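By letter and in written order, the chains are A, B, C and D; residue numbering begins at 1 in each of them.
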Amino acid sequence: MPIVDSTGAEGASADETLSATVVGASGFAGGELLRILSGHPNFDLAGATSREYAGKSVGSVHPNLRGTDLRFSDPADLDSVDVLFAATPHGVSMAQIDAFYEAADTVVDLSADFRLNTAEQYEEWYDGHDAPEYLDEAVYALPELHREELPGADLVAAGGCNATATILGLHPLFEAGILDGDGSEQIVADVKVGSSEGGATSSEAGSHAERSGVVRPYAPTGHRHEAEIEQELGAEVSFSAHAVDMVRGAAATCHVFPSSPVSKGDLWSAFRGAYDEEPFVRLQSGGSGVYRYPEPKAVAGTNYAEVGFELDPGNERVVVFSAIDNLVKGTAGQAVHAANLALGLEETAGLDFQGLHPVGSP
Amino acid sequence: MPIVDSTGAEGASADETLSATVVGASGFAGGELLRILSGHPNFDLAGATSREYAGKSVGSVHPNLRGTDLRFSDPADLDSVDVLFAATPHGVSMAQIDAFYEAADTVVDLSADFRLNTAEQYEEWYDGHDAPEYLDEAVYALPELHREELPGADLVAAGGCNATATILGLHPLFEAGILDGDGSEQIVADVKVGSSEGGATSSEAGSHAERSGVVRPYAPTGHRHEAEIEQELGAEVSFSAHAVDMVRGAAATCHVFPSSPVSKGDLWSAFRGAYDEEPFVRLQSGGSGVYRYPEPKAVAGTNYAEVGFELDPGNERVVVFSAIDNLVKGTAGQAVHAANLALGLEETAGLDFQGLHPVGSP
Amino acid sequence: MPIVDSTGAEGASADETLSATVVGASGFAGGELLRILSGHPNFDLAGATSREYAGKSVGSVHPNLRGTDLRFSDPADLDSVDVLFAATPHGVSMAQIDAFYEAADTVVDLSADFRLNTAEQYEEWYDGHDAPEYLDEAVYALPELHREELPGADLVAAGGCNATATILGLHPLFEAGILDGDGSEQIVADVKVGSSEGGATSSEAGSHAERSGVVRPYAPTGHRHEAEIEQELGAEVSFSAHAVDMVRGAAATCHVFPSSPVSKGDLWSAFRGAYDEEPFVRLQSGGSGVYRYPEPKAVAGTNYAEVGFELDPGNERVVVFSAIDNLVKGTAGQAVHAANLALGLEETAGLDFQGLHPVGSP
Amino acid sequence: MPIVDSTGAEGASADETLSATVVGASGFAGGELLRILSGHPNFDLAGATSREYAGKSVGSVHPNLRGTDLRFSDPADLDSVDVLFAATPHGVSMAQIDAFYEAADTVVDLSADFRLNTAEQYEEWYDGHDAPEYLDEAVYALPELHREELPGADLVAAGGCNATATILGLHPLFEAGILDGDGSEQIVADVKVGSSEGGATSSEAGSHAERSGVVRPYAPTGHRHEAEIEQELGAEVSFSAHAVDMVRGAAATCHVFPSSPVSKGDLWSAFRGAYDEEPFVRLQSGGSGVYRYPEPKAVAGTNYAEVGFELDPGNERVVVFSAIDNLVKGTAGQAVHAANLALGLEETAGLDFQGLHPVGSP
């Protein structure tokens, strides 16, 4: 799918400069926001907050940013900016949302705090919600599903990384009517994720000695990302996640059993129809060479998602593959992509890194 | 499940010594056979053949065996022994089976050549079979399913590693009638395997630069191990394999949807009933600590399989986990375990290594 | 060291576009050239040759370049371009140099063929030289040592990756007179490198199973990169390389024993004096946080080198650390950096990627 | 070097059973002691203490030991045993030594508390010593250097893992007079170690995301293991350690410059003379195949050390390689080996695991 630059969005123009602050900038997602925004043609990075590292240079935490002069500031001192990106742990944004709006016209939240549409969902999947009055105006950030709602949005909520991978893989099947979400079809999402998903805090399970070389089931049932997957797709998905030995990346393998038989041609049509115009989705399904299906390595460091599929004729199963960098397309890149659309900037601005080959466990 | 030593099998006694040859000893499976047999109280390692390395010390290929004096010999010169272990590529054993029997009374084959029961299966899944007259007498090596048939067997066929992991995970559900194999239930096996499965030959896809940090679908449909899984379980299984970044290990996550609701108690009963007396199966399902579910790391280097499960109440899904070392429980250890039973030796002889903690990607 | 853009070089201007071909574009270094040049503001990628993959898309080999339309062409059909980058195995460029010059005014060679100054060196360290008449005009690409000679150069020879790491670490000590190269001082370079250094060809030693988790000495003495290290530094260096488990990266730890005592202040002065104006060298020596000294992870994917040092007062040893991405600063990035200077372009053009955090074994 | 079983040591006989307790059994070294002792023919594991996990099964912490019934007990309740192994953090053993002796006749300490010979050394390198009166009777555990002193020893102090690797590599050169330790020769030890050296506690630097794929200098000068290296070798060694991406293993590359020229024959004589009778040292120096020099992978999980060397004729440098498993030969295996000798048991008892091939980052 060729990169198609957006044309003529309303709002900001391509050469406008907007000021931005990253709240919670010392974590992995915050660091990626700093990296992307500092190379973005339309953003001027005005602040990067961190309670723990206030006063220190961002390069002391994020070694790739050693060349910049930026220092962490205290989150209590938020300057007025055009856009505030919040990369804080779950619960902070819903508590701080009024302060965020006081500081900025547009808020882009990378936590789970505004992803779900209703207070009831937060009661069911989380510990309730402190600011349910904002849920209506929040737009789920994935442009491949919410392109129409993003322009002009004041509150954008980036999706979860596992959810993003799963949704992008299954979305074309629902769009094309191959799955109908009526509950009669079994839909399994078996997801493999890297260690950066756990964030920058240390734990025994996340130590190098214990986590190297793992295939480790975690939250095999009841994972909170199920809530947003089902919200976005309109169907229940049987979701299980596994930790594997990579740092960045999320790969979803979805095994689905449509009610009616499908052909490979149906599948090609479904995926092409869904993503042909999307600048950050690549369809990779079979072929020759080493990388025949979507792999996290092929998109590491980039805002691309790769999707692909295979048809198992014997048992009428469709196997769908989806791969993203959990910190970029799954978090910070998705947030900037959505912000570009919300603010009327060039859609792909700041997100032009193509990735590396070869790359280890990026 | 406590280790229960077998008692009083017919045939050899616990202090008997049998001579053994490993054919195809320079590969990964062959090397593991050499390691296990050289520490086995009842086997005297009489030969180790390798066309490529004939005349060289086994330690020049397998660095862990540098302390031994054994040298590779030419496979054309097979001395008479009690037991011949064949760790050759697919197709060799079926072509050489008469020569193998000339050299030994008991043949234990680690390739796919005698795993399937009928010539028809070989027509469907492989390229046919050269010696179909031996298929009837071959016993599939997995003691957890074929304990009764192994004693006295002349031809033992070790199962495939992915198949072993999948079969051990699902077997209790069929035994207990939770699954009935009538085709109405969706059974997905999503398997993750290490690089040693590819064997000791080099390839671009298997190079360190390309394979490090991967989550790579391969044979997402139509994998040949499906044939033996379905043979052993009596039901069709939707199987997909993924390469992940470990050297040893195979982990199967099976997502199954029984026709009737099951409780956690039903599942505990099923797994305990199937494996309580099995010396090499450990049930690991939940609890505290880092290793809550089966993981390849917990069994690396050993002949243990770990199995466990979780119940997803919302969608009536059972998630089954199974983990083995693909080269031990999945290949060479399984072969020795079956040989012990076939020959009336102590069941666990030679297989007492408990594994290491911590361990990387073993 | 702040990024200082070059000013007013002769030749091309910053908005000029030059055509470029990459010969040998299917290898790892060639792929990196394609990536960097396709994002470079002054280059138009006119060709990418590969004998093996002629006719195929570059994305079929380099998955990060799947979005581009470029296809590999036959190296026998070289179109005329402004600049030809050769990323071919040792020996090809010296045999093809006339053809290269026929196709292009400027040749940038990434092999070892033009790194050494004299035919005698090639007799001693390689198998002689086919085109010694070109050795005089070739400029060793490292801008930190050859900034003055690069503008206008017709033939640029990128240094070896191990040599680059070693040279950048030790150069300040020679510049400042802390080492004098008279042979009385012991200088040890203990280098650790990733698997991408071996290139895109497969081998048993380079397979994932055999190379994962290694600390493997190779060429512990007599490594060919010693030749260029000694040429560039004017002193003999005791060099040993080790393979370690990363894909990209080269890290040199140099242990040196100056004839006269030095202080930490002397060392700071030496390193600052050498690199304060260099846009792609960062001095990282001590401090707090996880990344206190140079590490390949901190520069992975980028054209940066990190250098640092420690003083061992007890034994008057200086320990120097140096870290690069072997495929960027150690190969393709160095080549583009040098080409920018040779052609009068903005020095840092095309090389603005800042790297990622966190990153596995990139 | 063939495995030579010790014959006729005084004290215990080969079929005697001694009771043993492991104090500090929840850490990595403690877990390895539990593993080795539970398979040892002469030890009966009477206790395993852990303040944090008292009452829990040892398998809940060490998944490889899930098959055993042993539970952690409180360290305050030490039963009387024949031998007490202490695997506690630095400082605990010197504080508890009287209690240890009350509980056991023989104490084997795996911490640094009794490695050095004098209180002065502890003043210089640590924070002094609480029980200096025991230093005289403590024997440094390395049998290759202290075979004569171990029989009958009451207090055995296992060496540090980095020190063990370095000492075993350099010892033959001092024994043979190739190095004389008079301070005129430069001796550099550049060591690479795995993440298990950091123990079972979590830290940001040791998290999987930050530690994967590293080449990270730590304690580049002034490492405490220098103290024991210099004590055991009688010469100053310039020591630097690097974290690399493996879980188990320590590899020392020593670069030494003898005062007088040496030949390869001299080196072979020195190494053979030092280790020909040693059951746990293998000389591996050159040859063909993948594993030509010592590598941690070749000895992972075992009590073997591999040593080897290369001669750099140009600069009269000897490069010595040494590789061990830091948790076995570098800690728990060394302790059991020394205990076997101290107690008059079969020297190699309990230490017969040969290691695996292939193995990742074990």
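Note that in this section a contact is a pair of C-beta atoms (placed from the backbone, for glycine too) under 8 Å apart; a residue touches a chain by one contact, two chains touch by 3 or more.
Keep in mind the model is a prediction, meaning the values are calculated, not measured.
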Seminar exercise, completed: The chain pair with the larger count of contacting C-beta pairs, comparing A-D against A-B, is A-B
For this session: Round to the nearest whole Å and give the separation of the Cα centres of chain A and chain B.
Result: 39
Exercise. So, what's the distance in Å between the C-alpha centres of chain C and chain A?
Worked result: 35
For this session: Express in whole angstrom the distance between the two chain centres, defined as the mean CA positions of chain A and chain D.
Result: 46
Seminar exercise, completed: Residues in chain C with touches to at least two other chains are numbered 28, 194, 196, 200, 204, 209, 212-213, 245-247, 290-291, 295, 297, 358-362
Exercise. So what shape is it, when you link every pair of chains that touch: line, ring, star, complete or other?
Worked result: complete
Exercise. What residues of chain A sit close enough to touch chain B in their complex?
Worked result: 186, 188, 190, 192, 204-205, 209-210, 212-217, 220-222, 236, 238, 240, 242, 244-247, 249, 251, 253, 255, 257, 290-297, 310-315, 317, 319, 321, 323, 358-362
For this session: Show which residues of chain B lie in contact with chain D when the two form their complex.
Result: 2-3, 28, 31-32, 35, 38-39, 60-67, 194, 196, 200, 246-248, 282, 284, 287-291, 295, 297-299, 301-302, 304, 352-362
Problem set entry | chain C - residues contacting chain B, complex | 28, 194-196, 198, 200-204, 206-209, 211-213, 245, 247, 360-361
